[in-house]
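Going by the order they are written in, the chains are A, B, C and D; count residues from 1 in each one.
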Amino acid sequence: MELLKHTYLVLSKDLLLELRRRDSVLTMFFFGTLLLFVFHFSFDLPPDKVAEMAPALLWLAFLFTGTLGLAQLFQAERENHCLDALLLSPLDRGALFLAKTSFNLILMLLVELVVMPLFWILFNLSAWNLLPQLFLVTLLGTIGFCVLGTIMSALTLRARARELLLPLVLFPLMIPVILATIRCMESVLKNGEFGDAVSWLKLLLGFDVIFMTVGVLIFDWVIES
Amino acid sequence: MAASTQPVEKRKGILGGLAVVAVVIGLYWSLAVAPPDAYQGEVQRIMYLHLPSILTAYLSYFLVFVGSAMYLWKREKRDDLLAHAAAELGVLFTALTIIEGSIWGKPTWGVWWTWDARLTLTAILLLIYAGYLMLRSLIDDESRAASAAAILGIIGFLDIPLIHMSVYWWRTLHQPPSILRPDKTPWETVHPSLLTALAISFVGFILLYFYLLSLRYRVGEMRQEIKALRLERGA
Amino acid sequence: MGPWGFVSLAYGIVWAAIVVYWLFLKHRYRQAEAELNRLRSSEAAASHDKR
Amino acid sequence: MRLTVNHLAKAYGFLWALRDVSIDLPAGAFVAVLGPNGAGKTTLLKLLAGLIAPTTGAIQFDGVTLAPNNPLARKQIGFLAPADHLYDNLTVRENLCFFTSLYQRNDRTVNIDRALETVGLSQRRDEFVGNLSSGLKCRVSIAKWQLLQPGLLLLDEPYGVLDGNGVDLLESFLQSHCQQGHIVIMASHHVSRALKLCNRALILHQGRLSFDEAKQQPWPSFAQAFGEFLPHGESWNS
């Protein structure tokens, strides 16, 4: 499939660049852990309340860390007008979208893989067996974030005050994902399985699918020079 | 060009006149003629204002969506102007809706602001479309600002049902169903003059909305021509 | 503040806001129209002496 | 290889940057696009490159209409930006590998080495492009487009950044590219250089095509058409 081949091509280029400079992944990692400490000090919660607050704190940390990644997403393309080089080539713009989304997704997942267990240790939570389920929810939420985030990052590429405008435009649209992930994680933490939060999970899945397809279809206009 | 605008000006004048007449009748009817609601008393009259402005806000979002989609498809400037005008009015009417909602909330729930599903939803929509105007103003290149805003116009509109669902589910989770369920339509006790007051207010608001929209659209059009004349003069 | 107080507050704020917006809109409208006519009249003048 | 452009026009807002341009170029055409600043040269090149969408008119490439959403036609189109369109943090070889596979011309790396050989960069194969001087970067671009073999190669003011032998390298590449039956369109202000190379000249003035003729040795019609734009004192046919 043409689309996947191009996606893989651009993605491996981005990963190679990232592996070489490692600026995005390191800043995101440190920022994530920094937020944990800040949350830890600002809300010194009694242990029982922590389980309740954990999803919100975690997801806030991921949201802001992800925004850092999004701001840097098209940095390589901004130098030497490489974006024009890509637009010039027979690269399918939907593939560019998928590549950039999965690139940011990989970065965020790496950070989350480290930050979540760290969160468990810092807030000495007990429910270690629930981590896989929690990570599934975070994965779906992060996909939703990266899909819409990549579109908004490309949209604000040529705007003044780009880094400020991106979260301003992105976060209101992210509210369904934020609510859904936090509700799912809460019900998993509280009673060990999704239970009535399944409807939230479906909302999350719907959000990801809708905006993934919209992204692939519409990215041609999003990125046109 | 000046000669041909006379009929357009006149048409706008008539639309404006009609709007004012309908609004005045609506005001008179909803404030003086309609009886107070059985449950909420006089305060329910704010509904004659609240419901029409919610409608015009949603109408704006729809027009922004249509304008944006047409602009991306056909690349015609007028669709973009329509989207921009509708977005500006949308933000105005959404803000008014929130103000009415909280004023209505004070006597009913005793607080100016509660995280009631409808108020929260309107606040989020205000943020999205304020972001739309911000995005448009922060991109210098004219055609890029238009297409970027068009994308946001479409995605924002597609997101509304998802936000709607998530906010209402989130809301029903926390708020115990009180007698005065805020999101139940207030006209249980259907009284004919209640309905007519509402109907007239609706008509008034719609006419007013399209009058303001045509004005704002015309301003956009004129600014476009001014830019063109200046560029032509300068090039 | 009685119920009529809230009603008048709501109507007052909303209609005041709409009127103020209308005034600003009218102002922008007249400004744009004046600028357009000025440009167009000097444009006519410029193309006149170019011929 | 045939490029036909009929009634191409591009407007930004109400202002026409390019108006009603129609060109028909056979294979092997080397076209110099001349004209004062703001005449629409760059707009024409960007339209031909598919970077921007035309307001009216169509561009046909061997019969295939160029449209933003059909990526295949773009496979034939090249835009040589002397120091741009290369990733600074990738090495020379990685850049070439990336673009050749992007254009589905991923023949064995030996071609890449051969291309680098011809532009004299073989010993800098694994250096980062960011560390190269702009002259060397231009050679990498030349090697890149030599590998990609575009049917239509566009250049916008390539002489700005090149040193002496860089210019010779570029001109020999362009000429050999034309002889292979491709089309080259170059916009430039170096009138005498461009005219020496081209076999056809176009003059754009305020968005309109005011001159389009194949080259003849004494070229009175060109001198007459181009007279008013020539910086006074410089004569192009010296």
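Operating definition for what follows: contacts are C-beta pairs under 8 Å (C-beta built on N, C-alpha and C of every residue); 3 or more make two chains touch, one makes a residue touch a chain.
Everything quoted here is computed from the prediction, not taken from an experiment.
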item	value
Chain separated most widely from chain C, comparing mean CA positions	D
Pair exhibiting more inter-chain C-beta contacts, A-D or B-D	A-D
Distance from the mean Cα position of chain D to that of chain A, given in whole angstrom	40
Intercentroid distance (Cα basis), chain C paired with chain A, Å	44
Chain centre separation (chain B, chain D; CA means) in Å	50
Chain A-chain B separation of Cα centroids, rounded to whole Å	32
Touching two or more other chains - residues of chain A	224
Junction residues of chain B - those touching two or more other chains	225
Sites on chain D at which at least two other chains make contact	53
Chain B-facing residues of chain D, complex	12-15, 38, 53, 55, 206
Residue ranges of chain C touching chain B (in the complex, touch as defined)	2-4, 6-7, 9-11, 13-14, 17-18, 21-22, 25-26, 28-29, 32-33, 35-37, 39-40, 43, 46
Parts of chain A lying in touch with chain D, wherever the complex brings them together	6, 9, 13, 16-17, 20-21, 76, 79-82, 84-92, 220, 224-225
Residue ranges of chain B touching chain D (in the complex, touch as defined)	75, 77, 142-143, 224-225, 227-228, 231-232, 235
Interface residues, chain B side, partner chain A - complex	72, 124, 127-128, 131, 134-135, 138-141, 144, 147-148, 150-152, 154-156, 158-159, 162-163, 165-167, 169-170, 173
